[in-house]
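Chains: A, B, C, D, E and F, in written order; residue numbering restarts at 1 for each.
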Amino acid sequence: MSITPQTEPLTKIKSRQMIEFLKSGKRLDGRTLTQHRNVKIEAGVIGKAEGSAQVTLGNTRVLVGVKIETGPPYSDTPNMGVLTVNAELLPLAHEVFEPGPPDENSIELARVVDRSIRESKALDLESLVIIPAKLAYVVFVDIYILNHDGNLFDASEYAAISALLNAKLPVVKVEGEEVKPTGEFKELPVRECPISVTIAKVDEALLVDPTLEEEVMASAKITITTTSTGKICAIQKSGGGAFTPQEILEAQRIARSKAEEIRSLIPGWGGRCG
Amino acid sequence: MSITPQTEPLTKIKSRQMIEFLKSGKRLDGRTLTQHRNVKIEAGVIGKAEGSAQVTLGNTRVLVGVKIETGPPYSDTPNMGVLTVNAELLPLAHEVFEPGPPDENSIELARVVDRSIRESKALDLESLVIIPAKLAYVVFVDIYILNHDGNLFDASEYAAISALLNAKLPVVKVEGEEVKPTGEFKELPVRECPISVTIAKVDEALLVDPTLEEEVMASAKITITTTSTGKICAIQKSGGGAFTPQEILEAQRIARSKAEEIRSLIPGWGGRCG
Amino acid sequence: MSITPQTEPLTKIKSRQMIEFLKSGKRLDGRTLTQHRNVKIEAGVIGKAEGSAQVTLGNTRVLVGVKIETGPPYSDTPNMGVLTVNAELLPLAHEVFEPGPPDENSIELARVVDRSIRESKALDLESLVIIPAKLAYVVFVDIYILNHDGNLFDASEYAAISALLNAKLPVVKVEGEEVKPTGEFKELPVRECPISVTIAKVDEALLVDPTLEEEVMASAKITITTTSTGKICAIQKSGGGAFTPQEILEAQRIARSKAEEIRSLIPGWGGRCG
Amino acid sequence: MGERKLIDENGLRVDGRRPDELRPIKMEVGLLANADGSAYIEQGKSKIIVAVYGPKEVHPKHLGLTGRAIIRCRYHMAPFSTPERKSPAPSRREIELSKIIREAFEPVIFSEYYPRSMIDIFIEVLQSDGGTRCAGITAASLALADAGIPLRDLVAACAVGKVDGQLVVDLNDVEDKEGEADMPVAYIPALNQISLLQMDGQLTEEEFAKALEMAKEACMKIYQLQKQTLKQKYVEAKEAVEKGEEA
Amino acid sequence: MGERKLIDENGLRVDGRRPDELRPIKMEVGLLANADGSAYIEQGKSKIIVAVYGPKEVHPKHLGLTGRAIIRCRYHMAPFSTPERKSPAPSRREIELSKIIREAFEPVIFSEYYPRSMIDIFIEVLQSDGGTRCAGITAASLALADAGIPLRDLVAACAVGKVDGQLVVDLNDVEDKEGEADMPVAYIPALNQISLLQMDGQLTEEEFAKALEMAKEACMKIYQLQKQTLKQKYVEAKEAVEKGEEA
Amino acid sequence: MGERKLIDENGLRVDGRRPDELRPIKMEVGLLANADGSAYIEQGKSKIIVAVYGPKEVHPKHLGLTGRAIIRCRYHMAPFSTPERKSPAPSRREIELSKIIREAFEPVIFSEYYPRSMIDIFIEVLQSDGGTRCAGITAASLALADAGIPLRDLVAACAVGKVDGQLVVDLNDVEDKEGEADMPVAYIPALNQISLLQMDGQLTEEEFAKALEMAKEACMKIYQLQKQTLKQKYVEAKEAVEKGEEA
């Protein structure tokens, strides 16, 4: 059951200040409306995982690890590998996060990232089956939120695709009923580089890459993911407000152009698509 | 752990009125002591389920869906199909029902209905094994309480047996290790039509088919299930009161005669047994 | 997540009295510092379990049952049987124990007993595999706390090793894919008799086999398990205090000598090792 | 994905509909006796029942908010609603949909009128054939209105998608699974605002703009049906009262 | 179901008992140091221990009832009590039995004497050989009495069943599993009332009436044993006190 | 257990270390923006991040203690920290370690200064290569200091173990798994006290005494690194402030 959350509002002074700044097209941290915070992406930070990447968007910090195992494919997709995305809003990352099983926020986060990867066909799941209906690669993408200062969807999505691009696939051989690792590795078949861009609406203004303070002030957010060929492959409106159709079209234009910028920062994508 | 429940009592006026009425053999809704509320049974309401039925007893409303799949039999009954009964006290149905895993009330409800079906041998489980110890039909009976105005045991039992009588068994064929649906269906082997009758004791009176108000006032309830051949096949006393042996024998006589009435309303039973 | 527990302290009078007694080397129940309470061990109390034993240490009372089944070995130890230790702090045993899934205290208790058995190599797991990587004996050791008056670690450990020594292994034969019991039994291969000794520190004094009152007063406890050949095979410091290295060495000497005493009381060990 | 043809040579869909044609829709309000408001919808073969309870006091009290009512929402599928039996425990999908459906109603409910209170929306999918989150929102609007909860407007919802390269409204299950894109939209006509928007599959910029327009139009048709259903109910209630007075 | 003969040519049962004969029963009270009351019962091979705590304050307070004590009851089986190891997590069967056992005690406890309080009954089945819910009730009565909880009367419980076409009392595990019917009954002699009654299997009307009569008689025998056990305990306690005074 | 040689002919270990040599250690403090204190440690290939929140009010209030702050501690492993993916749900091992790590800090935190408050310690193992509970304690001490929580002293932790018959400090994963004993120790230098001690494997009395001594020495080396890290941080902070004043 979903329940209206209790959110600590900003102080009156701060919220008044944010609104005033926005009226002149500026944000509290000095950015323009469509500017991202400083984006830093490091791939391969967890050497023992099959793939990994850490992303910082300003003070937001996300670590993604990819583990690859073998297991049965889903019965309705016997010719495909399995992709599983999970997110942990660690208590480390913000004092409102409590330890426990995934809540609606971490489930939504994981599913939004999952859809970006799946619907863009970034991961070639067809090539990850080993024996149809019996054995396939299972790719676990675990999103670990280390510090929460807003826009977890995008930070997680950038970390996830970077970790997949960074991942090595352990080659196995099948002997009778047994699966054995050969000790060799090959590239994980990543064919696309979907990039999500989240835009928050604060008092009529559309803000790219909102901070946590901006999210608290926002009536709603929209996350739009586009592919390298300019197709929209996933959208998620979230938060308890609404957008006019015009705002949505405008957000879509912004997302499309900002995605290009971000995609150039994804380690491993340049070489892969070239 | 079971805990004495907190129950909102009736108003003093209402409870006094109920007692007075009962002294003259009448009930607040005008029924005699042994009269059921209006019973309505509709089978086949969920066309995509293998079987279904909706029962209303006055304002009590229950939907049962039957799903049939294949799976391994239980290890202690390798030559039998599997029957699984589950009940959901939906928050939709009454404001005291909260979402969550089944509590003692929904578990008791499911087990009482399960015993009615199982102990009457209504479902011929022996004929539902496909490969002994390996593969059998698994029959899921899911009880969905849509509105709660008392006597959930009986409404659920009538809906369950009606849904089973309504159910089509998807015929499968086994090829090597694989189970394939043939696309054909046959009748589910239902051989009996157990009917439970619940009787509440309010201030010495025995009331058939109690409303929720009557249940709140009752010291105890007893649910007695009989078969079409007049055998008793399941009993459950529930609630925090007690019955004298004489009251129990009297309840048994009432249940036996009322069951005949109800059985004639079960869709599909007439044709089946004739 | 572990949280500082709320513990009801002793009354001031009682705690002052305990401290005074300790200053003259005595304890409230008349014992010397290194004396155990009356130890009583009965094996075979649950005839239907494969093995069982009940231990009382003063008013502390623990029942351990051993069940032996067959199942797959762990994938990382394909040539070994499986040992599983579980502990239930029953609500029966103390009013602070609430029903529910195992909490950190029962998990710690089970793991401390598990390590005593495992690290002493008491149970010859290598001989408990039936078909490598496929089928092995699974030995369940279930610790049932019936009355809690302190020192659950030791009472449970004595009951566990006694129950294992008491256990009969049901001999099975494998025919094709099926495992069948032959109806015969043999001794469970128990090769060692680890004995844990728990020592609490109360106001500088080291007390063997603390009562619950002494545990409440203690700053910390240490549990040291030794084998029949005098090796240390497991240690667990617990509780929110600390020991000097000197105290730990002293505790180790005490544990070693007390273990000899207790080992002579373990039913079935004398004959086994002789 | 699918190899099946989803649009035939006459431009008609698997169930014979034109691209911009809704499935047959049947709406009913006030059918559950205990709930403060309730509604039932059949949209094609999807069947959904919704109950609303509240506004009522929050228990335990410390969960209440001082300036507004909290909204609780559960989207849940019956175990027998799907081809394979669904476990009654909430799936990750149901948890996500409960959240975004709740968010779709936050902008229309005058929750500020009821501090320290809560309003419960329970959506039960009894039979699923695609489009259940949208049909659930459509029915939940009716149930809220039936409960007398003050609303800025009704919310109407409908998906637009792409099958065989063509944009179509109100996808059924086959079109959803085998099609190329699916975009559920919830629209608030009086505010000209969209309070739920999701998308998966792939759309170009042009397709997206057109899809948004089609969704709005489909929602407006559903909105008319919603208003008609409520009016009918009001007429029936009035007639029942008058009949009662006559008797 | 079973093909095994459960009644031999002399009319005796698998364990040599006559149809109306109870298994050997051993009862003990006051054996657990921490509990306010406790009891142990062996009935045939079934072994059960029961502790009672209370009346004590309810925590958290808002769970208490203003006019009476609440009763909490747990029927639980040890993992090693059954032929196959039982998971310690409560099964659906244990949850149902906890409820109906609690309800079996509601009519005898003077709970109105202890508003805002609670009384806990913890029943642990250590070895199971049939009839554990009844033996658990029998022992729990003793534990309640041992705790000094005011009772209208003790509750005595025993099952009656049908094996090889014949009615028998106090079924053991084989008779329960392979027999044709099983009917556990809890009886309150002083009130002539039945506070637990369940049945599965099949019985005719005549058999049912006779079974009820046999259950009552069996319960009365158990009731005598209960009273004897409590009296014995009282005598022992008195002797201990007197001995203490002498010393 | 292992057949691999863990100590070579030159007395060196699998990673080339001498028996009493620690792995390379890298420490960092104050890296997380939201936490009141934070630290990061790399010890060999083990990588651990720790955040501390508090002292802050306890919610709900009745969980607070009147005479002191409660400490909450979670030791948790990332799903990608281990060779096989670890389920993010806490394992029994993680639950036990959370408890004994909390207990290792109880003696050093001046919790009596903060009644009705709580202090949270969150330890996340990002990459595991043995010794993570000890490295976690070492880093948590830094995070507590970084949060400004008053401490009697830092806690330094290190394991001693036995491989190929020889005592060695700071075991890596291979040495832990294939060695003959493992003994994690947490030491409080200012108090000369051990606040965490566990052992598995087998040690003689003499080995145990020597191992305890070696652990103490290893902890003292780690303690020096901890103090150095905090001092460095203090210098950096001071320089930053001065630079700010100059500007």
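Quick note on the criterion: a residue touches a chain if its C-beta (ideal position, glycine included) is under 8 Å from a C-beta of that chain, and two chains touch if they have at least 3 such contacts.
Keep in mind that what you see is a predicted model, and the values were worked out from it rather than measured.
Counted as hops between touching chains, the shortest connection from subunit B to subunit C is 2. Taken together, subunit B and subunit D share no touching chain.
Ranked by distance of CA centroids from subunit B, the top chain is F. In this assembly, the chain whose C-alpha centre lies farthest from subunit A is E.
Mean C-alpha positions place subunit D and subunit E at a centre distance of 52 Å. If you average the Cα atoms of subunit A and of subunit F, the two centres end up 31 Å apart.
Subunit B and subunit F have Cα centroids lying 58 Å from one another.
Looking at subunit F, residues 74 sit in touch with two or more other chains. In subunit A, the positions touching at least two other chains are 1, 99. Interchain contacts close the chains into one ring where each touches exactly two others, per the touch definition above. Following the touch contacts around the ring from subunit A toward subunit F yields the chain order A, F, C, E, B, D. The residues of subunit C lying in touch with subunit E in their complex are 46-49, 52, 59, 61, 63, 65-67, 69, 86, 88, 90-95, 99, 101, 140, 142, 144, 146-149. Across the complex, subunit A is touched by residues 32-35, 38, 45, 47, 49-51, 53, 56, 74, 76, 78-85, 88-90, 120, 122, 124, 126-129 of subunit F. Touching subunit D in their complex are the following residues of subunit A: 1-4, 6, 102, 104-105, 107-108, 110-111, 115, 118-120, 219-220, 222, 227, 230-245, 248-249, 252-253, 256. By the touch criterion stated above, subunit F contacts subunit C in their complex at residues 63, 65, 68-74, 92-93, 95-96, 98-103, 106-107, 111, 183, 188, 191-205, 208-209, 212-213, 216.
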